[in-house]
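Have a look at the structure below, then the notes.
Here the chain labels run A, B, C, D, E and F in written order, and each chain numbers its own residues starting at 1.
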Amino acid sequence: MMSLFFRDLKLSVRAGGGAMIGVLFFMTVVSVIPFGVGPDLNLLARIGPAILWIGALLASLLGLDRLFQAEREDGSLDLMLMQETPLILTVFVKCAAHWSASGLPLVVASPFLGLFMNMDELAIGATMLTLLAGTPAITFIGAVGAAVAVALPRGGLLVSILVLPLAIPVLIFGVSAVYAAVEDPAPFLPPLMILMAITLFFAVIGPLAAAAALRHSAD
Amino acid sequence: MMSLFFRDLKLSVRAGGGAMIGVLFFMTVVSVIPFGVGPDLNLLARIGPAILWIGALLASLLGLDRLFQAEREDGSLDLMLMQETPLILTVFVKCAAHWSASGLPLVVASPFLGLFMNMDELAIGATMLTLLAGTPAITFIGAVGAAVAVALPRGGLLVSILVLPLAIPVLIFGVSAVYAAVEDPAPFLPPLMILMAITLFFAVIGPLAAAAALRHSAD
Amino acid sequence: MSENSLAIRKFSDLANPTRFLALADRVLPWLAALTVLFFAAGLWLSFTTEGDYQQGETVRIMYVHVPSAWLSMMCYTVMAISALGTLVWRHPLADVSAKAAAPIGASFTFLALVTGSLWGKPMWGTWWVWDARLTSVFVLFLMYLGLMALNRAMEDPARSARVSAVLVLVGFVNIPIIKFSVEWWNTLHQPASVMRLGGPTIDPEFLWPLMIMAIAFTLLFFTLHIAAMRNEIWRRRVTSLRRQVARNAGRESLAP
Amino acid sequence: MSHAAYVFASYAVALAVVAGLVLWVVGDGRARQRELKALNAAGIRRRSAEAPIGEGK
Amino acid sequence: MRLLVEGLSARRGEDLIFNDISFSLAAGEALVVTGPNGSGKSTLLRVLAGLLQAETGKISLKDGPPGFEHPHELSHYLGHRNAMKRELTVEENLSFWRRFLGNSPGGSGIDLAAAAEAVGLAGITHLPFGYLSAGQQRRMAMAKLLVAYRPIWILDEPTAALDAGADRLFAGLVTSHLERGGIVIAATHQSLGIGQSKTLQMTGFSH
Amino acid sequence: MRLLVEGLSARRGEDLIFNDISFSLAAGEALVVTGPNGSGKSTLLRVLAGLLQAETGKISLKDGPPGFEHPHELSHYLGHRNAMKRELTVEENLSFWRRFLGNSPGGSGIDLAAAAEAVGLAGITHLPFGYLSAGQQRRMAMAKLLVAYRPIWILDEPTAALDAGADRLFAGLVTSHLERGGIVIAATHQSLGIGQSKTLQMTGFSH
């Protein structure tokens, strides 16, 4: 299984891999926002965490569509389906590798973008922490969409549409944890714990559903 | 040329076509925002126009990547390149069809989303008007990206990254026209006129550049 | 060396859909008539009963709003059951049922949203708030549309069936959220003046037309659903016949 | 807008949506049946509708 | 009308694929391009169709209709791909190309039904193109040559995926096009069975 | 060990592709599946590999190693596609599959160098897979069968795109696998040159 993890990591940093494109998209989208809402610094700081979260959500989801499609096109998926190692484990490891290659960079890039959004240090730290806790959940949910769209000629947008509604709880608790950290009276830990619980929940449910979809889309 | 226009329209509403997907993506993305920034109605109304514009921008761009790729994959692009009808005209018509099938629905859907964002009637009307005037420009700029990415295996995100910076002026004037309409002292017409000028400008420059890129990507 | 010859007997397990078509032909006229009857009664009741002293005329919106809201959830439940049927029992009609239900469910959800908004404007002074129930209904609407887009995007119904079934089941989480959101998530809940009507404390003055309309909507749903299933079966037959035509056209000219 | 207008609008929308649904279902059914008839007229039957043949070639 | 090609050479990436090819074709003449895989047949045809820039050399038309500078504007090109949309019916595809391409001066295309008839697939123009088998798709792509008139036909392995009957049918189409004063350039591995024709043997460069 | 297949049938979409296929293979036996294009050979192999659900019928293993319910867990499948990543080197590809697949009980795979040697491409394992020619890619996909041990090999047109030398080499690999008590099921249009074997002739469905 470690071999699968490292193979996927290698693939996403090799030429044509998607790791960098996701971060670039994230940065582009987030840096477009101030042009839209205007350079009102207080407003930016106010909506900053939400924008970072939404940008990360979109960047994660839009890069996910090839997760299984590439495997299917060159026949690797067939071999993975045949093994006695549970497919759900394979899916889980692939998600983990995908997150390390394209979710983690988003987390790393978020502080810089936070500065652009005029967020203070506390908010930036909290955003990073919640992104770290929450983006894996997005990857796991997204895997379901990717598995569903594995045989589609153009999965990209469709995966996002299918998955975004399911990813909303992650967004809600992620952002509310950040706001809780910034505004004093509200406690920071409970939403963060919920976020982590959601991530754990989807770490089970996501691969399960994705494996089911993959099994049934074989042809 | 009308035949090309209608063919492209037909293609985008047939099964597997992208017309509905763009609007859905728009709706999904915009409706995800309140989950991020929270249900504060005043804040939503304040950033509403910007969010609608950014959503429309993303939805237009992300759906654009197949504009020429599909033509290239089945060989139609070759025949279009060979004709004596100027390629720039062909590109223009394809952009027009694409806009009618996926830009116009965005404009039509925007009032509903405006209601969700708690915008008042005036702001909604102004947003619709500016979207109507501005989204064609996005399509025309996007066509350049689509033409550049025509030979890439996974254009989607890349097209957006290439094109988003170019689309920023459209965004700025679109949004500022809306804010001008809402806030009394600022005049509404000048930014709208600039927006229309930008659209006209890109309606010429976009197809020109896209045609040049297509000519040189032939192999 | 052994020779296993392979012969194919022509058979079809489409008996089931065929039987369904016959059944639908028989049932549909009755269902349709019943639907019309209930709608007539429901509409008459809903316009003749008294208005509420607080909400005035607008209470009549309830008679379309609540049934369509219920139906939007029931339709998804039907789809989820169908999805189970596809995945677990591999029933040939389950997938047809799920696919036919999606546009109907989307329509009812749309109706619930619009009538809710039309009720919200005079009651709350705004078309829309990001209250949990409203939001989750909107998410349901988006999910319907997403599923429709998915069904359209896949050429081969046999393959899209199981795959979208998985998605339907995953999305079913939303239904209890809609149902219980009022209790769970109190951030921006609707004002008490409205909730006065909620639950079993509802005045029989309003209960009757509401129930009749609810039954009428349910009947309407089943009528439309069965008819749409029939259409879907026909559509699949047309597709497979056309493929057959294409194959035969090749064959004839193959042997000149 | 008066309250009656909201009520009227609700019923109008409901009517429009339901009418649209009914028209879609009926129209779709008609179209499919027409296609099936055309195919039948061209002499194409479903395999199960043919007399069963014991062996493939 | 006469198609003149002088000293043509082309490259793909860094590699020179062919060098100094010259020929001329009068109305009613056909050129058959042959050679092993990778010898540059497709590349030559794409250069002739104006889809690839030639490295050196010149393609011109003598005594052609006025107002056409490049021969490719008077050409049909049938490449490896069929230029038809899977989602649209055959009829929609053909009528789109008929109207989009228009007729070159000096002739006019036949109507859709007749074209489908000519390629032996009259009954199935109402089917989506994606339903057809590979061979049927290829034939419908040939029908495209008939619905809009072009004096020059550039064909890249037109008979790949075709069975014997369709081969003969296609030879008939080409012959009648030549008889009406057309020009045909075809790359192929098999014999096309169109009688008299010039041939060009590509050798490729030995690497 | 004995592979039993009883009354198998499968469909693609609406169409029944084959019906009521039964055979049994003991250790050391090979089955060659033949038949025209579209007769269902690949479909049969995918059903055997557990990638498609059979419509009816049953695939089982007698006297196999304990703990394996489905024969496909003990099988190698070589389909039309090679299951190798173009971006990774051959070595990375093979060592990934070696570790990912692991060995079935009863044998063990040979190491990468030996496997590359066995398919006659010893020197080039450091190249990215995408740089190889079609035939070389196919051979490397065969090396995958050697690096992880599986008693059953399911091969779909294994020798397509191979030249004559590679054909013989491949026949040698199959023969030695059979001698060690393996089972081979191969769909093919050409003769595989592996001596004694059962054959299954697919006829397809006449519409």
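We take it that a contact is a pair of C-beta atoms (placed from the backbone, for glycine too) under 8 Å apart; a residue touches a chain by one contact, two chains touch by 3 or more.
From a predicted model like this one, the values you see are computed outputs, not experimental measurements.
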Centroid comparison with chain A (C-alpha atoms), farthest chain: E
Higher-contact pair (C-beta pairs counted), C-E versus B-E: B-E
Most widely separated chain from chain B, with each centre as the mean of CA atoms: F
Separation of mean Cα positions, chain C and chain B [Å, integer]: 32
Interchain centroid distance [CA atoms averaged], chain A/chain D, Å: 41
Interchain centroid distance [CA atoms averaged], chain B/chain D, Å: 34
Cα-centroid distance, chain C relative to chain F, in whole angstrom: 46
Contacts with two or more other chains, residues of chain D listed in rising order: 42, 47, 56
Multi-partner residues of chain E (each touching 2 or more other chains): 123
Set of chain B residues in contact with two or more other chains: 15-17, 21, 24, 28, 35, 38
Chain A to chain F touching residues, read off their complex: 1-4, 7, 10-11, 14-17, 73-76, 78-84, 218-219
Contact set on chain D toward chain C in their complex: 1, 3-4, 6-7, 9-11, 13-14, 17-18, 20-22, 24-26, 28-29, 32-33, 35-36, 39, 42, 44, 46-48, 50, 52-56
Residues of chain A that touch chain B when the two form their complex: 16, 18, 21-22, 24-25, 28-29, 32-33, 35-38, 43, 46-47, 49-51, 53-54, 57-58, 62-63, 65-66, 153-154, 156-158, 160-161, 164-165, 168, 171-172, 175-176, 179
Of all residues in chain F, those that touch chain A in their complex: 12, 46, 49-52, 68, 72-73, 75, 77, 79-88, 92, 95-97, 99-101
Complex contacts: residues of chain C adjacent to chain B: 117, 126-131, 135, 138-139, 142, 145-146, 148-149, 152-153, 155, 187-188
